[in-house]
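Below, chain A partners chain B and then partners chain C, in two separate complexes.
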Partner chain A sequence: MTAPITSMHIARTADDADRLLSTGTEAVPLAGGTDLLVQRRSGRSVPAVVDLSGLDGDPVTRLENGALRLAATASLTDIAAGLDGRFPALLDAIAVFAAETIRNRATLGGNLATGSPAADTVPALLAADAVVELRGRDRRRQVTMVDFLLGPRRVDLRAGEWIESLWLPAPPGAGGMRKVAGRRAQAISLVSLAWQWELDPHGRRTAVRLAMGAVAPTVVRLRRAEAVLEGAPSTPEVAAQAAAAVSADIRPIDDLRAGADYRRRCAAGLLREVLGDVPPSTPSTPSAQIRSTHR
Partner chain B sequence: MTTPDTAGTPPRNWVGRSRPAVEGAEIVTGELVYVTDRRVPGMLHAVVVRSTVPHAEIRRLDTSAATALPGVVAVLTAADVPVNALGPREVDGPVLCKTVVRQVGDAIALVAAEDAATAAAAAAMVTVDLEPLPVVDGPDAALDPASPQLHSVGNIAGRIAFASGDVEAALAGADLVLRRTVHTPAQEHLALETPGGMAIWADGKVTIWCGSQNPGLHQRKVARALDIETSAVRMIAGPVGGAFGARNDDPVPVHLAVLAHATGRPVHLHLTREEVMTAGTKRHPFTTSIDIGFDRSGQIVASQVIAVADTGPVITSGPNVLKTSAEMSTGPYRFPMASFSGTVVYSNNSNNGAFRGYGVPQVAFAVENALTEAAAELGIDPVEIRLRNVLRGGDPHSLYRHRTTDSLQVETTLRTAAAHPLWTDRQGWQAAGDGLWRRGTGLACAMKGVGMGSGTGDVARARLEIDATGAVTIWAGPNHTGQSIQTTYEQIAADALGLPIDAIEVRVGDTDFVPESGPTAASRSTYAGGGAVTRACAELRETCARLGLPLATDPAGTGEKLVELGSAAVEAEFFLPSTEDIGLIPADQLATYGPHRVYGACTQVVRVEVNIRTGELRVPDLLSVVDCGTAINPAATIGQAEGGALQGLGLAVMEEHRLVDGVPVTTNLENYLAPTIADAPHMQTVLISGHEDTGPYGAKGMSEVVVVPAPPALAAAVLDAVGVLPDRLPVTPERMLTWLEEQPCG
Partner chain C sequence: MRVNGRPVPFDPRDPQLAATRLLDVLRDRLGLTGSKEGCGVGECGACAVLIDGRSACSCLVLTGQVAGNEITTVEGLADRGHGDLQAAFVRHHAVQCGYCIPGVLTSCAALLERNATPQRDDVTTALGGNLCRCTGYQRFTDAVCDVAAARRGAAPADDGDGDGDGPVGAVGSANSDGQRAGGS
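Here is the complex of A and B:
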């Protein structure tokens, strides 16, 4: 049986949150609760919480040069509305995230803080070179996404600290996110890929950023594939090379949802899909093509 | 969705017109008090202590610390159960394990306390010393003589075999012989409400509010365990939030009764999702092999099907499920010769039991896949090859040669599906796909028996009473387990009596009032229960006619007179009619094979899109064409068709209860995937017109057969899309990608 939460404080302001989280108790932040409550059911004891879901402020703030600041405690639904078409990779991620009811509660801060390698908003944030803006009583810190993600279920979040926002430079127009899962809603990613790049007049990709989820202890950048693609033309050969390079940047494991081997093959396949490396449609004629799956 | 009106000619007032479930408003507003919502003052809360290992000897069971915890009222073990048995045979299993546990989740002790938290704390304090035993983790291990024998009878729970000729000899003369093996997984029922309820012991009698598909059977199980008369047991088996077979074999009513009996207090027990996913029954996983021969024109020459099923640690429905597999191992086809041989084994895996479709989806997957492959091999259209072999109403069954009902219309379902745009536009659909998401269309058909089968003594009953105001109450079964069967019974009664439907109230599921009517199973409720209601109504009308009472025009006056005369109550029975010709089955073994007279049928068309880079699969459209005779309540029938099709699709593309060395690993809804509404295709259902002469107003059962075609139709659609015919369910992205890489399509 799940142990009860014995103390709950509601933070009205960011200063409130700083104070409530630094009282030396074991109080943990509660945002949407969509992960924390599930963790409690699986046995995590959470005696005290500080509810951050009521903090006000704009979900999305436009800064100079198109940079964006995203509130870590706003619901994903509000973030999507506030983005208004900017940052396509995050919009895609939110669109395939859980389902509407969960998106109305879940936050970026909660998604990041879980440290899950399969967290669906993280690839987009990592690919965008986002900076995590942390605060606590009398302190502020900015940490890059790469440094923030330490390992499975481990992030660089110190006692008394919480994630206030995410800052990112102007996302380019070309970008997106694809999630492969066992079903089309309420499912944990088997593999996910977020990308962004600029296309030059010659059809070459520059400023290529790729990040993949559920294939390593943390969400990872695909540095080698990025290097293959940077400045290269969009040809099937380049796509195949990039796909082949994915393997070196990922370390998938077998778990209940999928085998490591599938994750590798799917990771490469997903990149080829995203790069548009797809053969033309050749309608099959079953009588000629049939092959039973029996060996 | 527009719901068709099938009232027919002459038009009926109620039968054939869509009608909302009688408790529909209460369901959607959340007002309905389900059995697990029931609370009374002074009620105790119970928890089941369960085995954490698949197979072990119970060395020591210490309940003293738990018993001593303040607030704990009882900690019961096997020794506290008067007769520690869930059925008459050893293989039915105990109420509580005494010397050995045979699966993870086996019940060892029952704890009742003043509140739920104390009950849970006490349960954790029960010490069970388990000495692990070797695990029988499936059929291979079960059939290995070196493995532990799980019961005194060994590891074989049942076998059934039948042959109508020398199949091997016939196959030798065939133009095309396919020898194939398919695998279908264990599937969760996933009723929204998990098992549970409440029980009270008072004045030497126990009353249990708990979902049941067979209240009479649970009444007998409780009476056996408590060693009391069945008349001292009252099962009130509803309202319940779903069943799908899971409320057939469920021990929870017995656990509740034992707790109430021991404590003398009202007791509440409600299993968690994790608990039922660990300890509850599933659909039997099967390995099914088929050897089937065709001549050049696509006619089936002969088939031989061998099925091996795993029933887990206790027998539950194992052999009966296999019996239905045997009967449907020849699919909805007519051909000269067939054989079937099936074995169901015991293991330390999760217990498997009754599940909508009852052994048919597993064998149908083998049969329909073979038809799909043969069509491709022989260059015959998939519909055409089925039409060339289709079993028509009145034809002899291919395995048993018994006579099938005249109302069987597999052929019409096939022709209707084949004329539907989803099928006729399949080339256009495929061509409009891109290189990434390959498109295909597949079709499959099925039939399934209605009722328990010939020679099984299947009977349903109804009791009817009219009062002095002309209001009619009918107590009828089979019970309501989510499909709102009462609504259907009311529609039948209103037309049968010629009264407005508001004058009629149907009550189900209470053993003190409803005469024994057998289970809500085997697609029999509308057919058999409706048959009993029709007869009870006819009897009342006869009484009225004899006495010259104008029931339809003066119900109140008629009711008053009947009450006065002591003739206000009637009771009637409906016996499932046996097949008119039992064919090759020896008369004394009729019940062993239980061939059906009446069958429902269904053809489904499925569209898929397969991602060739990731193996993902989408199902945007599904058509069901259903042969159910008269649809008494068309909207409810379509609801059954849509739900059934989605349950079949779940089995096809994602559902799989998995175990590792006998330990269940898919024990919550995060890691056991079932379709969400986002995965549900756009569904269209066509109810073809038909009439089953032995059914109420021409109705027959359909709620299981609609599960059956979806997996093979999906497989056929995958073949059409990417040239690979899946032989193992579910078709996960991982499996799909592996198959694609073995057969690259670009």
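Here is the complex of A and C:
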């Protein structure tokens, strides 16, 4: 029997949310509910919630320098529409995120706060060097993604705080996200990879950033593989070296979805696919479709 | 909060109701038992309803969160202009046990409202959160493409599934539907 939620408060403004979350130590932020209410059903005690799903504001704001502010409490559907083709890695991630019934409610803030190493939007945000903007009563702070992710189900979110937004430097032209999972919808990633880079006129990749999910206690950057690729020509030899370097960047475990050894092979293969070294073996993501239909 | 076009006869911000799942309020307070509870964790979509025209799992929404929104359940789809979609499901024999159908229809209605010319892949994507273990998705897709074509006021020359059998839903005519689906 799922225990009832005995207190629910609806925040109409961000200040409301600060105040409501500071008054009771038990109250937790609720936005889309697609994760918190599932955890509750699995036995997590959620006696009191503060609803953030009705907060106003643009899902995506573009600054003059090209940087983006993403509202952490907006639905993924609204974020995808607001991105309007910018930030392809996050668009890809949203396209393969659960299913439309979930994307219409789920939020970036919730996907971050749950601290899952397999969270689908997190690799794109980590690769993009996003900054998490947190707030609570009388305080605001900004934390880089790499500092925010502490471990499995652990993030740097303190009592009374909630995630208001994510700040991203101007996203590069080249980027994307792929996931390997048992099904094309409603599936938890076995391995996921987000990437971004710039291509110089000589076909060399620069500003290479790779982030992988479900292969370590948190989503991780593939720093050794990045170092191999940085400034190097796009040759099969370089791709093979980068794929070989992935193994030292990750620490996968055996769990009910896949074995560690499979994850290692999958991780290397996924990077080779992304580098164009081998043809993709799984269906391409339907992100183009999402972009055109979720307006 | 309005449900199927009518204001609800209670205050959805009432503390107890606000913290109750939308699905329970629809079924137990309003007697709208079309929406089903399958998994209770957002995997199956049997509880899907429209919230301001978008498909969502009512088992993962607290009533207070949608106190100012327009909810449409399967019972309200015809009044919203989707009676033809429901009729097409019947024509295409797209229903067997029926448990998933309220959610499936809801997701298909949401698709048709934002995309007047859905391709078969669009239907597949729109139904990613709706599990059906009987009929399969072929007939849902046939029904949706049929309705989309009819709403555009033209019988399509091709139903887009690449089998060259022309428009689906030519009910009573000898199309290949029965063959393809094994005549179930």
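Quick note on the criterion: the second predicted complex is superposed on the first by the 277 of 295 C-alpha atoms of A that agree within 3 Å, B and C clash if a C-alpha of one lies under 4 Å from a C-alpha of the other, contacts with A are read in each partner's own complex, and residues count from 1 in each chain.
FYI, a contact is a pair of C-beta atoms (placed from the backbone, for glycine too) under 8 Å apart; a residue touches a chain by one contact, two chains touch by 3 or more.
On a predicted model such as this, the values are computed, not experimentally measured, just so you know.
Judged by the touch definition given at the top, the superposed model places A:85 against neither chain B nor chain C.
In the overlay built on the shared chain, the residue A:258 is in contact with chain B alone; chain C does not reach it. Of the two partner chains, both chain B and chain C are touched by A:184.
Contact with both chain B and chain C is seen for A:99 once the two complexes are overlaid on the shared chain. In the superposition on chain A, A:272 makes contact with chain B only, while chain C stays out of contact range. Looking at the shared chain after the overlay, A:201 reaches neither chain B nor chain C.
Put simply, chain A uses residues 38, 99, 184-186, 286, 289-290, 293-294 to touch chain B in one complex and chain C in the other. Interface residues of chain A, counted against chain B in their complex, comprise 1, 38, 99, 180, 182-188, 190-191, 256-259, 262, 265-266, 269-270, 272-273, 278-284, 286-287, 289-294. If you check the complex, the residues on chain A that touch chain C are 4-8, 10, 30, 32-34, 37-38, 41-42, 49, 51, 53-54, 77, 98-102, 104-105, 184-186, 286, 289-290, 293-295.
Of all the residues in chain B, the ones that touch chain A in their complex are 116-117, 120-121, 180-181, 373, 376-377, 379, 427, 430-431, 433-436, 438, 440, 611-616, 618, 654, 658, 665-666, 670-671, 673, 675-679, 719-728, 732-734, 737-739, 741-743, 745-746.
Those residues of chain C whose C-beta lies close enough to touch chain A in the complex are 13, 15, 18-19, 21, 40-43, 45, 48, 51, 54-57, 59-62, 64-65, 67-68, 103, 107, 110-111, 114-115, 121-122, 125-126, 128-130.
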